[in-house]
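Consider the two complexes below, in which chain A is the common component and chain B and chain C are the respective partners.
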Partner chain A sequence: MAAASEPAPLPAVRPPVPDRWRRRLADPTVGIWLAALGVTLLGWIVVTVRGGEFLTQPNITGILQNCVALGLIALGQTMVILTGSLDLSVAYLASLGTLVAAETMAGSDGNMVPAVLAVLALCLGVGLANGLVVTRLKVNAFIATLGVGLILRGWIEDNYTGPAGEVSRSFQRLGYDRIGPVPVSVFLLVAVALALWFVLRRTRLGHHMYATGGDEHAARLSGVRTERTVLIAHVLCALCVGIAALFLAARFGAGSPWAGTEARYDLESIAAVVLGGTILAGGRGGVLGTLGGVTVLAVLDSVFNQLAIDPFFKNVLRGVVIIAAVAVYARGRRRAGRTG
Partner chain B sequence: MTTTTATPVQGPVRLGTRLTQTLGTALPVYVLLALLLGALAVTDAGFYEPDRFLAFVRRAAPLVLLAAGQYLVIVSGHFDLSVGAIVTTGVVAAAEIYHGFPGAHWLVVTLALVAAGALVGLVNGLITTGLGVPSFITTLGMMLILEGGVFYWTGGSPTGYLPDDFRALGRQDAFGWLPWAVLVCAVVGAAVWWLTRSRWGRTLIATGDSERAAELSGVATARVRTLAFVLSGAAAALAAVLVGGFSGVSAQAGSGMEFEAITAVVLGGVLLGGGRGSVLGAMAGAFALTALFTLLNLRGVSGSLEPTVQGLIVIAAVAVGAANWSRWRRRSPSRNDQPPPPGTHATTPPAGPPPATETAPPTTAPPTTAPPTAAPSKENPSTGGPTA
Partner chain C sequence: MLLMQDMTKSFLGIRVLHSVSLDLAPGEVHAVVGENGAGKSTLMKLLSGEHSPDSGRIEIDGTPRVFGHPAQAQAAGVGIIHQELALLPDRTVAENVFLGREPTRRGLVDRAAMARRTAELLAELNASEIAPDTPVRELSVALQQTVEVAKALAADVRILIMDEPTAALAEHEVTALFDLVRRLTARGLGILYVSHRMREIFELSQRITVLKDGRRVTCVRTADTDVDQIVRAMVGRELSAYYPPRADPGALGEPVLTVAGGGNDRLSDIDLTVRAGEVLGVAGLQGSGRSALARAIFGADPFTRGTMTVAGRAVRPRRPREAIRAGIALVGEDRKAEGLTLRQSVRDNTLLVTRAVGVGERGAGEETVTRLLDRVRLTSRSTGREVRFLSGGNQQKVVIAKWLAARPRVLLFDEPTRGVDVGAKAAIHTLVRELAAEGLAVLLISSELPELIGMSDRVLVLSDGRPAGELPAGPSEEEIMRGATATGADRAGAA
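Coming up: the complex of A and B.
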């Protein structure tokens, strides 16, 4: 708004070096990682002052572990949001994914591969459904994915009343093994992040995603098959949710109908993506920022836990942090729009 | 100043087509509502006995209020996800107030709640318009704050009770036959309908249609939008009074209502992203959604499968609405693979996943309001919402 409504920007006469610094700091990806660092330092100081220990091995492991599920889902969400869409069905899909994984596995190691394939197939189907409803039926993504989420929810509630299935022993190692202080699942997260980063930055598909999210009409006029791009983004998102569901199943040891909804992954993942500097309207942002956003949320959570803050009050603080962070971005963006 | 903005946006071309256009966007929901009401009549012969039908309207009333408020926010190009939390907070707060002041007059408490709801809306609006935070995030954060706050305050389980005179609005009848809730609903509906016809309402719709055009015409878009958030918050608080009266104190009173309200508004043919749709359609959408719930109940669809049917019908209804509308509308390419003819770039956004919003609808956009090609993408970030 500010950028568009400003009259033609006058050539600003400013000292170039601080300006460049300021612009680099205004880049949300840098900003969010600095914020993550700041929150960690602040948390460390506060916890130490109050007589606790913050940077202990179990604590670091806990923070990293907390990053994984939300991180995987938020990475998928980044893809759809960048493309100018949205996915509100991720929470129910994650729940259903854990159930399918645990039921297919039924506690035996031999069923591990079929279970993984079954979950990915389910997610492929749901992603296709989301994408087709959005692109073919022209239903707004908000309503389309909300509707698909409701369909999944009904399916879950009709078939499951509590935890079901059993995850095999060796598969649970995905949830619990660690190398030093780093859980192995973090490598999964990093691998997915790298793959998506490569897709976004180095492939034609990724450029098409940015183009479609930035201005769908212009993208189509330039020859981008926008519908297919949106469809693929939805499928990638659902597959990320599937991987998250596999991780959650490994953590819980069984399928849980509330795995996704209890942690509110739908809204939390969107919050993490926006915290990471990706614009809700699409076209700007990226994977690295999202990881930063997830880290900030996980570190904050850990700090709140260490300080024994009331879990309900934690939500209040989290809401304030999210609004404040995005307000800071909006401010930086406006200023950047003004200076150049 | 506002009259000059109304002129270019609601140009003379509009007059002839206005009736059909108003009916047009909302047409699918009226058909859906008629179908559902017909199905209800077939399923249950006694449904149209006056008292049972009024009871149905009373059950629909809170959602209708929420839809009316949500309509104002959505038509201006934003979202309000905090309304469900406002309902919960309102119900719990009322119980806490009566816990502290058992003798409080119901009217005072109701007015206090509505004022508090308006205040929450004001904060939403100021953060969204003043700080440039997308409304999706603002109201999501507000939802976290309110829900966390109310549980923190009550320690997880709300205590207290609501006295009968406070609950009367939600469950008693006026003149012995007309539920108060229906009366409240009708009054608020009429008021909002009148508001959308007022000068403010027209500027609000123009703002949602094309923020830049409205701004260039001298609209104080921030103020206009903030008022929409305030009214949405107040409507949600009033809905809380009805919900509290109808079903008593519960920590889950308003959970999920924000999505129901948005669904109702979209069912009513209102474009997410702003600028198009009528409040009557939005309220009809709320009635249709309640009729759907009632029908599923009567048909004995197991409670757990209810969301599935709901999801299917909502997607189908919106899809049918989108398809009908784009074919029926003049000058709109129904196949978006063909590039639109030159010159219509800014006027007919092909209905993609996010219905392009910053552009004006076909019949209402004189060339001057069409932003230059570069403008929309720059405009997007600040208008907020995933569809903007």
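Coming up: the complex of A and C.
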């Protein structure tokens, strides 16, 4: 001990203040919210120049309303993607969820609670199925959840040819009531987002999700039960889809076999997640970024609709926006990697 | 506190450990040495729970233990710090230190306590300059290693395995690591210290166990032995009898490969000449630019400065395809990731380069493949077999056959015998020498000094991306190490 020579002085590791600010600006979560703000401003200017009105109460309400279903599903998707997995069954599960909700309710207010429980139970089951196929049978998540999604689709197509069931009057208020310009469903979205943010930041589960997605081997060597973590992520995702299905049922007033697939919630949710800065390989990102991604997509949609842009061109623009965003993040990441 | 008795382990029918025993006392540093492939890493992985032994017993504080998962070994107080660190680069120091055992308060992760205890642990390790909320990717390798040690302490580890901990460190960082090791032993931890570096072993350890070819040769008190004795025990044979004879200096041909003033962001001032029939050895510590040199010549991370000729013609390969056309071949460091398509057959792998680049052998028929495989003396007969089922030595032979198909003028070997058994190793050595004798220019990179010394006609020593000297045939390990560590102090781990 005494023979130990003094270690050479090492430079302080905490970066200087300007660097910390730069790092914060390079953070995709901050970036995507700035982008959401920018897109809104730009949309407002363009629409106003073209003689329209953008920031009207119905328009704002519409944008927020449009965020809710995709937002809830994308939040769930964030959890699985962060953990290094993926869920392609969300669209079919959302459709089936609306049908189960509307049929259980059958127009009666008294059946609201059983309907909610039924939908959540369905989603719990599907989430477990996804998670078990991925972790126990070791099937790649892409294939596993695609397969589960196809099974759900088969069931839906075999049993339904059109809207079914009826959502009770009171329950429809979830889809239409608002406080000022803000739909009540937005509070539901924010509540779910806060809950998940809390899980990721303050629970061991959340820490283990980041670790499992970041480096499954390292996480396992550190004693993390990685399989259980992936399983729980899938269940959380499916439950988010269930909440989205309840909202969609309230909007439609009935169950719809196309509720999830028509809006392509499977690929749209993945797009929103990566737009929000969560990397597809897992381990990096979060729910706040995803909300930003959803907002950008909803604002863009609204602007395109107001300007009556050709649907084909609209999709081209959306594609360009998503690719550009991820390219920018990849660039920032390479830079960050070099300073290490 | 630890007793490992008669540990035996085989992989794919090849026995890599023959009833090896080892023990460790609290506060002791017990060095485990041996050549690459001697079984050190396997023995350590049996203790850390990454592999299960075929037979043998492990006792910790008198209690027999069986580990099927690293978490079980950890729970029993065994920690391992790998050469490749197992940290999450995107997470903070505190999150890494407490990964898997986050402190909680009323069910929630107590971030404040986590940061505070991380800071305490780092302070104990004399590393208070690391802020607990820094993402790990922003730390140098040396500081990341300190974080790994803190992680082990957070897990209440009492037996710590350190696998080549200084391989990626600069000189002054090594000093700091030694200080760290002494702090740990003062706390009563027992440390198993795996290393090649004699100076470190003699400075730190109380006892030394020497492994060779999967057997324990000896276990001695450090005070009762010296470097020569240990090296002799490790090698256990006369070098000259084991390696094929070197080239006759008079029989060397024209220069085939020359580099003048070569440099890029990892290398500078590279001047070298390799003649037909010659094996030029390249030595240096990890990170000294050995592999970078091979990759630069091969056009994978090309030179941005200087000139290069192959067989008298100026070439400037900017990607591997151009290098292959110019007659350069690289048998890479990681054959599974860079040399082979593991799920394809031996035949397809042998023809991979000729098919892709359209150079060398014209015939793609079975005879061509058989001739090439005979040339490298591949013992497995079926050319339709998927390469991943072959042993490491046979896989390496397929990689060499693949390159011979392209009829190269220059063969670059980066760690050609890593992870192959002793018999295959000798076969590869003989093959390398034969290929040189046929008029190829060979560049041989190896971190195994006996191999480098035994095989090379000359040795180029690199340090910090620059040549640090050139040694004639048969240098001593000391001479090489002196060159390799020459400018060590400048090699701060900032990159």
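Side notes on the structure shown:
Heads up, the rule we're going with is that the second predicted complex is superposed on the first by the 317 of 340 C-alpha atoms of A that agree within 3 Å, B and C clash if a C-alpha of one lies under 4 Å from a C-alpha of the other, contacts with A are read in each partner's own complex, and residues count from 1 in each chain.
Operating definition for what follows: a contact is a pair of C-beta atoms (placed from the backbone, for glycine too) under 8 Å apart; a residue touches a chain by one contact, two chains touch by 3 or more.
All values reported here derive from a predicted model rather than from experimental measurement.
Within the superposed three-chain model, A:A218 lies in touch with chain B and with chain C [touch as defined at top]. Within the superposed three-chain model, A:H207 lies in touch with chain C and out of touch with chain B [touch as defined at top].
Once chain A of one complex is fitted onto chain A of the other, the partner contacts of A:N140 are limited to chain B, with no touch recorded for chain C.
In the overlay built on the shared chain, the residue A:V230 is in contact with chain B alone; chain C does not reach it.
Touched residues of chain A, counted separately for chain B and chain C, are more numerous for B.
Overlap of the chain B and chain C interfaces on chain A comprises residues 1, 4-5, 214-215, 217-218, 220-221, 283-284, 337. On chain B, the positions that touch chain A within their shared complex are 127, 131-134, 136-138, 140-145, 147-149, 151-152, 156, 211-212, 215, 259, 262-263, 266, 272, 302-312, 314-315, 318-319, 322-323, 326, 336, 339, 345, 349-356, 371, 373, 375-388.
The residues of chain C lying in touch with chain A in their complex are 50, 69-71, 74-75, 86-91, 95, 99-102, 104, 107-109, 111, 126, 129-131, 134, 137-139, 142-143, 151, 155, 172-173, 175-176, 178-179, 182-183, 186. Interface residues of chain A facing chain B in the complex, by the touch rule stated above, are 1-5, 81, 84-86, 133-135, 137-144, 146-151, 153-155, 157-158, 214-218, 220-221, 226-227, 230, 267, 270-271, 274, 279-284, 310, 312-320, 322-323, 326-327, 330-331, 333-334, 337.
The residues of chain A lying in touch with chain C in their complex are 1, 4-8, 10-15, 201-204, 206-208, 210-211, 214-215, 217-224, 283-284, 336-337, 339-340.
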